[in-house]
Structure formats: structure tokens, C-alpha cells
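This is the structure I have questions about; it appears just below.
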Amino acid sequence: MTEMLKKNTRTSITVQLKQGKEIKHNFSLDIDTHLSDPGVVGIFGESGSGKTTFLRSFAGLLKLPSAVISFNDEVWQNDQIFVPTHKRSIGYVFQEDGLLPHLTVQQNLDYAVRRKRKVSMEGLYKKVVSILNIESLLSALPDQLSGGERQRVSIARSLLQQPRILLMDEPLASLDEKRKREILPYLERVSKQFVIPILYVSHSVEEIARLADYVLVFKQGRIVEEGSPNSVFAKENPFIGLSDEVGVVLDGVISAWDEIWELSTVSTDCGDLLIPKAGTVVGTTIRVRILAKDVSLMETPESKSSILNQLSADVLELSRDQNTAMSLVNLRVKSAHLVARISRKSIDQLKIAPGKSLWVQIKAAAVLN
Amino acid sequence: MTEMLKKNTRTSITVQLKQGKEIKHNFSLDIDTHLSDPGVVGIFGESGSGKTTFLRSFAGLLKLPSAVISFNDEVWQNDQIFVPTHKRSIGYVFQEDGLLPHLTVQQNLDYAVRRKRKVSMEGLYKKVVSILNIESLLSALPDQLSGGERQRVSIARSLLQQPRILLMDEPLASLDEKRKREILPYLERVSKQFVIPILYVSHSVEEIARLADYVLVFKQGRIVEEGSPNSVFAKENPFIGLSDEVGVVLDGVISAWDEIWELSTVSTDCGDLLIPKAGTVVGTTIRVRILAKDVSLMETPESKSSILNQLSADVLELSRDQNTAMSLVNLRVKSAHLVARISRKSIDQLKIAPGKSLWVQIKAAAVLN
Amino acid sequence: AVASNFGMPMKQIVAEFEKRTGNIVNLSLGSSGRFVAQIVNGAPFSAFFSADQSNPQALENAGLVIDGTRFTYAIGRLVLWSSKIHFIDGNGEKLVRGDYATLAFANPRVAPYGIAAEEVLKRLNVTKGTNHVWVNGENVAQTYQFISTKNVDLGFVSLSQIISDGEVKNGSSWLVPQSLYKPILQDAVILKRSEDIETTRQLMLFMKSGYVRNKIEEYGYFKP
Amino acid sequence: MLTPENMAAIKLSLELAACVTLILLIFGTPLAWWLARSESSWTAPVGAVVALPLVLPPTVLGFYLLLAMGPSGYLGQLTATLGLGTLPFTFSGLVVGSCLYSLPFVVQPIQIAFQSIGNRPLEIAAILGASPIDRFITVALPLAKPGFLTATILGFAHTIGEFGVVLMIGGNIPNETRVVSVQMYDHVEALAYDQAHPLAAAMVLLSFLTLLVLYFYQKVRGRAKTNFGVSI
Amino acid sequence: MLTPENMAAIKLSLELAACVTLILLIFGTPLAWWLARSESSWTAPVGAVVALPLVLPPTVLGFYLLLAMGPSGYLGQLTATLGLGTLPFTFSGLVVGSCLYSLPFVVQPIQIAFQSIGNRPLEIAAILGASPIDRFITVALPLAKPGFLTATILGFAHTIGEFGVVLMIGGNIPNETRVVSVQMYDHVEALAYDQAHPLAAAMVLLSFLTLLVLYFYQKVRGRAKTNFGVSI
């Protein structure tokens, strides 16, 4: 959130949706949010919580009465105004069925390219097609594609639009991990480099933690939680309810590269971390995610262990975990926070309590980037 | 694979698909597999590798020339025979668009119930509807549902069919983690209890490791790897290519329950593991998954650590990891194997080599079940 | 089966016949050519009142007619008519002058009044001069409609169409002298298919009665 | 306002149109299904044949039907040997003729509707254990409903209004083959406008109301499906 | 085999049908679009009106058109003041009359095809920056192609075969309004079967071949889409 967003000083989003009467049992919409310089907004929420409805209203595909939507300095919808979808300059990756069925893949891409306002960036087409690995599909019709192939074409097309804002509804849901890892960093770069905000719906905490500068958590048509990924994911969250995914996100800079062991040293607010091949160019900024379940605590540092990262830490507080056998330990490590997920038995054995000084172990392999 | 499958002594599946000429650049089908007592078969493979095509052929929705398909003692397709889909007694959760668009949710379910051959199990309907949490959706039409809601209805319907075999194409892809965790164990129980094999396509190693008795890995229309989850996931797999997901699956029995700390002791082939609240009933069998990245190695056991599980182990061999900074260490722990993912630097520091005896540390929190 | 141009008088005649004899007669109106095709293919008509002579003749030749029953029941009268008053001055001058935009008459290929009209034009030597303004109706009824809706300035129709109570009430007309065209003899026959030949004979007899002959004249035909 | 004769003709027309539409829906539906979904290379010629009667003027078509169904025609000999007599100049004959002429108006809309269903719903039904005939009835038919509505309207209206074929093979026999279109034709031919006008007005009004109800019903049904917000 | 007169009539018919079909496609398409997608409550009555000319026998419809388009009719006065003269007995008049009568056969199939497109493709196009008219042309039209094929076939064939309206407002003028349907009708009425038979045969053959080519083309195009294995 901090450093990167300073660059995006021009974007802002306001959305107010209110559906007076219940649409159906247990579902009515009531959303009121204002985001300035949002970067990538991760949207998280259980099935049926209104994420798609939110995106559709924002895109002008659904005209909810008495909604107020604005983007940057433009009002897209209020009582008097309704800017139609095709004038909003939005890229949208639909949750399903996102391709024009009568056009081949190539024609689908061209359809978007031909209708955009900006001049095409040189080489963009080639680059997008190759990153999404769809070269061999260009002449196929949508119903000759597999589920994941369709999704990739859809993503490629939204990128070629070079829109002012990108809406993505579970864009990577039916892709294999390998592809995800190729596409995610690219999306990140697109957003940062061209100052394009992305509203990114996903059920994967990993994707959102990796990508998002800001997180919205939906439940039954309402935003029940919002903030930086750290503030949302660093605690047991009743709205997410996944103790396995509790963790912190740290932004860091590569400060050294050990060629022999192929380890990068990443300087973060909680000190230097050794991470296998996180990057070789000193000075690059990267984001790392440290899950609470991957952090263990010791009274003294251990030298005869395979764990490379050992940091001294102070216990700030203990909090409950959804699994009552476990506890979350909130730690201060230098100027940053870490969270560890520890069995209550160990808490007792190690006599962990607020104020106590400890050593933190983080396996290099467990650091996600 | 071992114990549970002994119950399912009556099922067997043979599929041979061969598409002589290339269907398109880089894709032709060539599958030849025979599974006896398969239980849950996890099907894994990158986007466009032919998973859906495989399921469709098996279901008789696609009639590939010169295919041979048989289920148990029945031939479903060969040169002479082609059993039409509606006579195969198959449940199928489609990757997308799985509902009859003109019928409400309730009518979709009833459509299936009314056409099945068996007498309905008492209470099944209620149970399925409640586990998939679709009570409030019963009167909605499919296009009034969210993506995840549609998928849940689809799963529910396939279960209500009480088919002889279930095909599921990324059934949980657009569901939130919480829902996944509610549904997965139920699927597992359905398969075991009623001896219904499941062909389960997913991109999530976690889901497949959790559920599958047998794994098929697809690539470009071929099965490039198959075997038990352990044999497929316990090594760096070029076809999966996810070093993060390397790990072993252990079947164990709960041998003790510590009420104070709420820890279950699970007896596995590699000894007793303490796992938070894995189950309270002594004697239940459970499956645990230990990822290589969650295993660390030490020369001596450490008492002042929060890590509960420390086991003595012998190094069997070292193997490469996709990330060249890391190595996979294959270990024998009692009669079982474990895999640890360690930086090469640590390998050097701890002088790890085949034959060396070490201590293995596994955080309780990291054990997946 | 009755040719449409004789529909109006025939309805009255039949009503009278039914009143007098208690027999029921069902009328079917239509074009003579179609009736021939239908009768040849087994239509259950008892009698056929054609608008010409050649159609009954054709049936007779085909052996579908009871021998000796053919007779002329009416003779049609051709009239040049316009729905505009004073457009025609009771003589053929207007026709010869040619100061009109369109001239309608029935299609000579299928309608006897069309043949007659063509003959009149030929006799008056105006065929060449007027043929670019010809409009053909499929039959006299259609020709009448063309004129009555003022889409056509003038045209040849049957007197029976424009007469009511013995006089022409609408527009202006010229009753074409019989000398300019061959008489339009309308013949009737009794068909072998007839289910009740006796009643049919009675009707034919009635057609020759004085009552009917007056009726026919009243409707603008010559008595045979 | 309408004479008993006119009423009888209207009644006969409605009966004829109802019969014809019903028969065409019954036989046209499987034909449309086959045309829409069969892979056979016969679909193109058969499809062309279905539309063919259209290019002949109705009376001419009627004339050929008369020839075929008459005592010396193939069809006539067939019906005669079957003990059915010959068809011309009977109500049954009208039904046969009108069916032939209105066939494309019923088959074609249903065919388009079937084509646009796509495979997926049928695949789902097959998986759920529905046999081909079951799938056809429970999935294809309901999904093709708009096509059936159009087919019914076009077929019915066209049969009501058609008079060329009917005139030729019907012979204008009261209560048997004198339908309202023929009656109106007669009135106009006989210059009996005072009879033609009210009859035409009645027919137009009756049809308008019927169509209005049909369309309105369809609209309401369609709208009930999207009750969530307002779509663009 | 065919006399020059017959050839001229065929030529005129083809011209008329081409004109009428073209005009109906041009004006019928937006109408069908509006009927298919508008939320307006006017769609039901307008839809009903479109199908209405069907229920009147063609000659009767033709008679009313003759009244309306004549010098004392509303339409006639309109065309007269516009300096167009009156329409009956001209080729333009035939075109107008046939358009009216063939309208539902063109509008209805297109309407069903539009209805079955669904919202999604249009939503996608809007997102990609296509304006409503752009979406209509680049998405709705191509997706409704089978409907257009049917509309063209029905509209064209029906105009070729129709003769009631044409007879009434045409006046059987050679090279102007004597189309082949009227010509054939005349032959049959005049019992000139030796002329009617070859003409009918020629028309049927010509139409059959045209339709066959159309259907075959459609079939081949459709099949190219699913080249993967063999579907059930």
C-alpha cells in the first residue's frame, strides 16, 4: 500500500449501491465505499455475497436504482446520469462465458483492439499473447477451447483494451498453478506501470495477498471488512475464516544476491530475509508473504538447523484461532509485525506472553513471493 | 490407497482414447488407462491438456472414433457398442453451465431424482441440500444465481442422482475456502461409503491430495504420470511443476486425544504426530499431508521450540528442485518416507548426504488434514 | 356452381325457387375456369351456370354433362362505365378521343366480358391508340372495383354490376351497342355428378319461367 | 351484425385453422427437430422441399393438389383404395391442402428455435438419465417455446387468411368448405361490400385480440425471469 | 420451352421478390430487434399488428389496399401530394402491397433469432467499447444469421407465390405488374394446362435449386464449427 500507491495519485473510485427491499431471502445490497488511489483492490467474499453484482453495477451492465458511481472526476451513475458501458473504458474479465461466440480468438482480440481509444502500445499484442500462451489458439472458435483457454483469452483481451480500469471476476479460477504464477506478476506490473486500478475478485487468499494493495471483504451484499492486505489477513478473520491463510505481507527490496547458493537477501521492515532466488537484481522491490503457520518460535537461536531465517522478536499479544487448539501470536520484529500460529501447548511450554522476547524461525522455503 | 480401497472391490474402469491425426497444433489424444478399484481418481493437468475431453468421452457425450471404454463388467464403447449417456448412470458436474436453464433449482434437483434407478435414500435430499447450503436458492432460476451458487447446485444434483460413478470437472473452482472445506469431506465420505468411484478434475493439489486415492496427470492429451498421491506428489514433478506443493500423504489413525491442549495424536507409518484437533475419537482413520516446504531438519532435537513434532530420520537421497537454490531431501522416518525442501546452503551447512541421521521438525500447524 | 357475375340475380332466383318448391339449393360462386377444373376432378356440383359458352361446351365434350341439358340462361351486356359523373356522355366518343389515363377491362383470356371489350376496341379502331393505358382485371368484378375505387378512369364492365332497380345510378356510362361485339351468351348445364337430378331439372325449368326472365332483365341482362 | 352464414364461415375457418395448426405442430415439430439437429446430408434437400409449396400461387398449388387427390390422381387412388373416398371438396381435403401450404410457416420458426438451444441442456438431461425422447419433451420443447408461439401464430393466421388452395380444392360448399376467407372473397367479388366490411373488421379484431393476449403473456413470462435490478 | 411472355413474368417476379425481401430485411430487422428486446409495453400490440394482414384473404387485403392507395384513399392522397401519383397498377404499388403481406414472415424469424442471443454477447461487446449500433451490427446480426436465412427464404418464396394482392392492385400489366404467379393463375383459369405445367415445373425447379444451395451452405458452415470428435 505505502510506497507504490504514491505513484497512482490520479485515480479514485466511489460506489454506493443500495437496494432497499430484500432481493431475496437474506440478500440485499448495501455498499458504500470510496477508494482513492486504490491500485489493485482485492475483493473477497463467500459465494453469493454480491461480488459479481458489484462489478456489474460498476461496469454499467446492471442499472441499480439510486446508485451513485464515480470514477476519478467523472460521475458514471447518479439520479440524473448514466454513462453507458461502452463509454466507461473498462476492461472486464467475466466469471464465465466471456468471449464473443461467433468470432475466433484472434477476432475477439481484434474486436477489442479496434475499438479502444488509445494508440496501441508497440509490441503489446505480441507480449500479451505470449504471456497468456494463446498463440496456438488464435484461429479457434470459443467453443473449441477448454475452460482455462477461454479464460486466458478473456484476460488477454482485457489487457489489450488498455482500459482505464480493469475488473476481473475470478480470472485465474480454472487455471493451473503454473499458469497462475506466470500471469499474476504480469497483472501486477500492468497495474503499477500504467496506473490502471484493478478490481480483482478471487477466492484465493494467496492471489489477493500477492496482488492487492487494498482488500474489500463482502458478505451478504455488504462490505464487512476493508483495509490493507496486512490489516485484513494478519488476524483471524471471522469473515474469511481460514486460519491457514493468516499471515502478513511485507514489501521489501533485494539488497544482496548470493550467486553460489542462489539466495536473495531481501531487506524488509523486519530485517533481512534469505529467500531462494527471489530475484537477482539488487534494488528491485518485491513483496513477500509470511503465513502464520510457517512461523515457529524458540527461546534461543538454533545453529544446527536447516532454517535460514532466525530473527529476534517481542511478543505483542496473543489472540484466539478458529481452531481452539491453536493461538495466534502477534510479534514485533524490528519495525514490522509478524504473526505466528502456535499450539496452545507450545505457548504453555515456552511460557509465551506479551512482552516476552523470543526468536522467530522462518523457513526460506515457506516465504511466498 | 491401501486400506480404504480394499472395500471397493467391485469397480474397474478402462479407457482407451486414440485420435490418430492431430486435432490441432500440438494437441492429439492418446490415452490408455485401466483402473481397478480406483476410489477417487484425481485428474491433474495444465489448461488444455484434455481433462474435460477425457470426462466427456467417458460420459458418452463425445463419441471419439475407435475408443474403448468400459466400466466394471460393462463395455460402454468399442467398435460395435456405444451405450448412450443416459444409460450409463453417471453423475457429472460440468466445468460450466451445468444447470437446465428453464428449470428452477428445485426442479433441476427433482429432474435428476425422478430419473434415477435406485430408490432414494431416506433423508439424502435434505442432507445434500443442507451441506451445499442451497436451501434458500430452491426457487431461483439458474441465471439468478451467482457462479458459486450454480456450482453448488450442480454438485448437489449429481449427488442426488446416486450414480454408479461421479465425474467432477473442477467442481470447487469458484467456491470460497470455507465452503470447499465443508464439501470436500462429504465427497470423500460419499465415495467411500457407497463405493462410488469419482473422477475428480482439479487444479488444486491440495484438493487432490486430500481426496484422491489415485492420481492421473495429463499433458497434451496424454497421461504422463499416474499413481498414488504419494508417488506423484512426493517428488519434484516436471508435469506439475509446483515445488511448493511437493509433499507426502500419510494415512493414519487417531491414537490419543489430549483434552487440555486439544491435540490429537495420530499414529502414522512415520510415528506419532501431534495435530491440533484432527479428531477426538480414538480409532478414526484420517489422512494427513505434509508438504516438503514445511519440513525442516536439525542435527539435534530442540526442546525450546514451539514445534511439537520432532522425529528422527535417515537421509535416503537428494534430488533437484525446480528452484535451483533448493534441494529436495528424501527421508526415511520409521517405515515411511518424508520429503523436506531445504536450501542448498543449509544442505551444505548441515552436511546432509544420503545415509546421514537427522532430526525432522514438523510444525503441528503445518499438517494439513 | 355459378359464375360470380351472375351471383346477385342467382341468389334472388334461388330464394324464390326455394320458397316455391321447398327444395334447398346451395350456391357456390366462382370463376368458370376454376369450376371446369373442379368438375373434371370430381366436384359434387349438380348444375353449372357458366359466364360463357365454351366452358360448358368443354364439359359436354368431356362427357360430364347430361345430354341435352345445355341452354343459354342469360345474355350479358357490356357497358363502358366511369365512376365520375359526366365523364362519359352516353356514347363512345370518349373512348375514341382517348383523353383518359387508364382504361380497364377483364382479362380476355379468362373472362368473356374481356373478349367482348377487346372486340369493341378493335371495331372502333382504338386498340393501338389505347393499349398503353390498359389495365386488366382478372374478371369483371375486379374491373368494377378498379373503376369504383377511382383508380381507373373508365372501363368495360357488365351492365348487371352497375344497375340497380333497373337504372344506372352511379357515375356515367355508355351502353355498348350489341352490334360492336358478339353476344355474351351464358350457358348452363346439368352435371352427371348431380345427386338430385330431379330437383336440378326443376330449377332449370324455373330458370326459363317468366318470373326469372324478368328478374334477369332487371339485373341488366338480355333475356335469351 | 354478422349474418348466420358469416358466422358459420368463421366457425369453419377457426376449426380448419385449429386442425391444421395442431396437425402441423404435431408433425412439424419432429421434422423441425430433424432439420435442426440431424447430421444427415438429406436435411438440405428436405428443408428445401418444405419451403417449396410457397413459390407456387395458391390456386395453382390447389390445382395440382386437385389433380393429385382427384379420382385419377395418385393420392386420390390411394385414398380411394383405403376406403376414404377422394379428398377434394371435403373438409379433410381442405385440411390436407392447407397443411401443405402452411407447413413452412410452422416448421421454420420451430427449427430456428431448436437450433439455438445448443447442445449443453441436452447433454445435462442425458447425464441425468433422460432418454432421447424424454430430453426432447422435457428440455427441447420448453426451451423452444418462443419458436412454437411464432409457429402457431403464423400457421394459424395463414390458414385463416389463405383462400387460393381452399377455393380450388374446397369448391366453396357451405358448412363444409366455405371458410371465412372464401366467404369474404365472395362478398368482395360479388361487390357485396356491406357484407364484406363487417366480416373483415370482425376477423381483424378477433385476430388482433387473440394475438395481443398471446404476445402479452409471452412478455410477462419473459420479464419475470430478470427481476434483479435493471439490465442495460 | 418457356415463352418470352413467361420469361418476362418470371423476371418480373424475381425482381419483385428481391425488392420486397430487401426492403423487408432493411425495415423488418430494426422492427424485429425492437420487438425482441424492448421493455416497452407497446411491443405486444405492435407485434400483433405485424401478424394481422395474414388473417385477411389476399384479394380482400388487396381490395382494401386498392381503396387506400386510390385517389380517394388516405395513402393515395399522400402519395399524390408527394408528387408520386397513385400506386395501384405500378410496380411500386406491388412492392408496397407485397411488403405488407409478407412482413410477418420476415419479422418473426428474425425476432426469434434475436431473442435467443441472450444478453451476454452484447454485454461483452459493450465492455469492448462497442456502441449500441456497433453491437447490433457486429454481434446481434451475425449471431442471428439462421433467422435471417429463414426470413429471406420465407419472404422471398411467399412474394413469388403470392398472387391475390398482386392481382388486385397490379392490374395484370405486362412487364409492369404481370408477375409469374398471376401468369400461372391465368393459365390455369384459362384451362391452358399445356402452358401452366412447364411454368410451374420451371418455378419449382428453380426455387428448389436455390433453396438447396442456401441450406447446403448453412449446413457446411455449421458443421465446420464442431470438428472435434463426434458429438452425440
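Just so it is clear, A, B, C, D and E label the chains in written order, and each chain counts residues from 1 on its own.
One rule holds in what follows: a residue touches a chain if its C-beta (ideal position, glycine included) is under 8 Å from a C-beta of that chain, and two chains touch if they have at least 3 such contacts.
Only a predicted model underlies this, so the values are computations on that prediction, with no experimental measurement involved.
Participant: Using the touch definition from the top, list the chains contacting both chain A and chain D.
Facilitator: Where chain A and chain D share a partner, that partner set is B, E.
Participant: Specify the chain most distant from chain B by Cα centroid.
Facilitator: Checked the centroid distances; the maximum from chain B is C.
Participant: Same or different for chain A and chain B, where same means more than half of the interface numbers show up on both copies?
Facilitator: Shared-number fraction above one half, so same.
Participant: Using only Cα atoms to place each chain's centre, name the chain farthest from chain A.
Facilitator: With centres defined by C-alpha atoms, farthest from chain A sits C.
Participant: Please work out the Cα centroid separation of chain A and chain B, and write it as a whole number of Å.
Facilitator: 26
Participant: Where the CA atoms of chain B average out and where those of chain E average out, how many Å apart are those spots?
Facilitator: Centre separation, chain B to chain E: 59 Å.
Participant: Could you grab the centroid distance between chain B and chain D? Build each centroid from C-alpha atoms only and quote it in angstrom.
Facilitator: Whole-Å distance between the two chain centres: 56.
Participant: Distance from the CA centroid of chain A to that of chain C, rounded to the nearest Å?
Facilitator: Whole-Å distance between the two chain centres: 91.
Participant: At least two other chains touched by the same residue of chain D: list those residues.
Facilitator: Counting only residues that touch two or more other chains, chain D contributes 59, 63, 123, 126, 188-189, 228, 231-232.
Participant: Which residues does chain C have that touch at least 2 chains other than itself?
Facilitator: 34, 37, 142, 145
Participant: If I count partner chains per residue in chain B, which residues reach a count of at least 2?
Facilitator: Expected reply: 53, 60-61, 84-85, 97.
Participant: Where on chain D does chain E make contact in their complex?
Facilitator: 39, 41, 43-45, 47-49, 51-61, 63-64, 104-105, 108-109, 111-113, 115-116, 119, 123, 126, 146-147, 150, 153-154, 157-158, 160-164, 181-182, 184-185, 188-189, 196, 200, 203-204, 207-208, 211-212, 214-216, 219, 223, 231-232
Participant: In the complex, go through chain B and note every residue touching chain D.
Facilitator: Result: residues 59-61, 84-86, 89-92, 94, 97-102, 111-112, 115-117, 141, 143-144, 157, 161 of chain B touch chain D.
Participant: Taking the touch rule as given, give the residues of chain B at its contact with chain A in the complex, in rising order.
Facilitator: 24-26, 45-48, 51-53, 95-97, 136, 140, 145-149, 151-152, 169-170, 173-179, 203, 205, 240-242, 244-245, 258, 261-263, 274, 276-277, 292-294, 296-300, 302, 304-308, 323-326, 340-350, 352, 361, 363-366, 368
Participant: In the complex of these two chains, what residues of chain E are touching chain C?
Facilitator: Residues 63, 66-67, 69-73, 86, 88-89, 167-168, 171-173, 185-186, 188-192.
Participant: Which residues of chain C touch chain E in their complex?
Facilitator: Residues of chain C touching chain E: 31, 33-34, 36-37, 55, 58, 102, 104, 107, 109-110, 134-138, 142, 145-146, 149-152.
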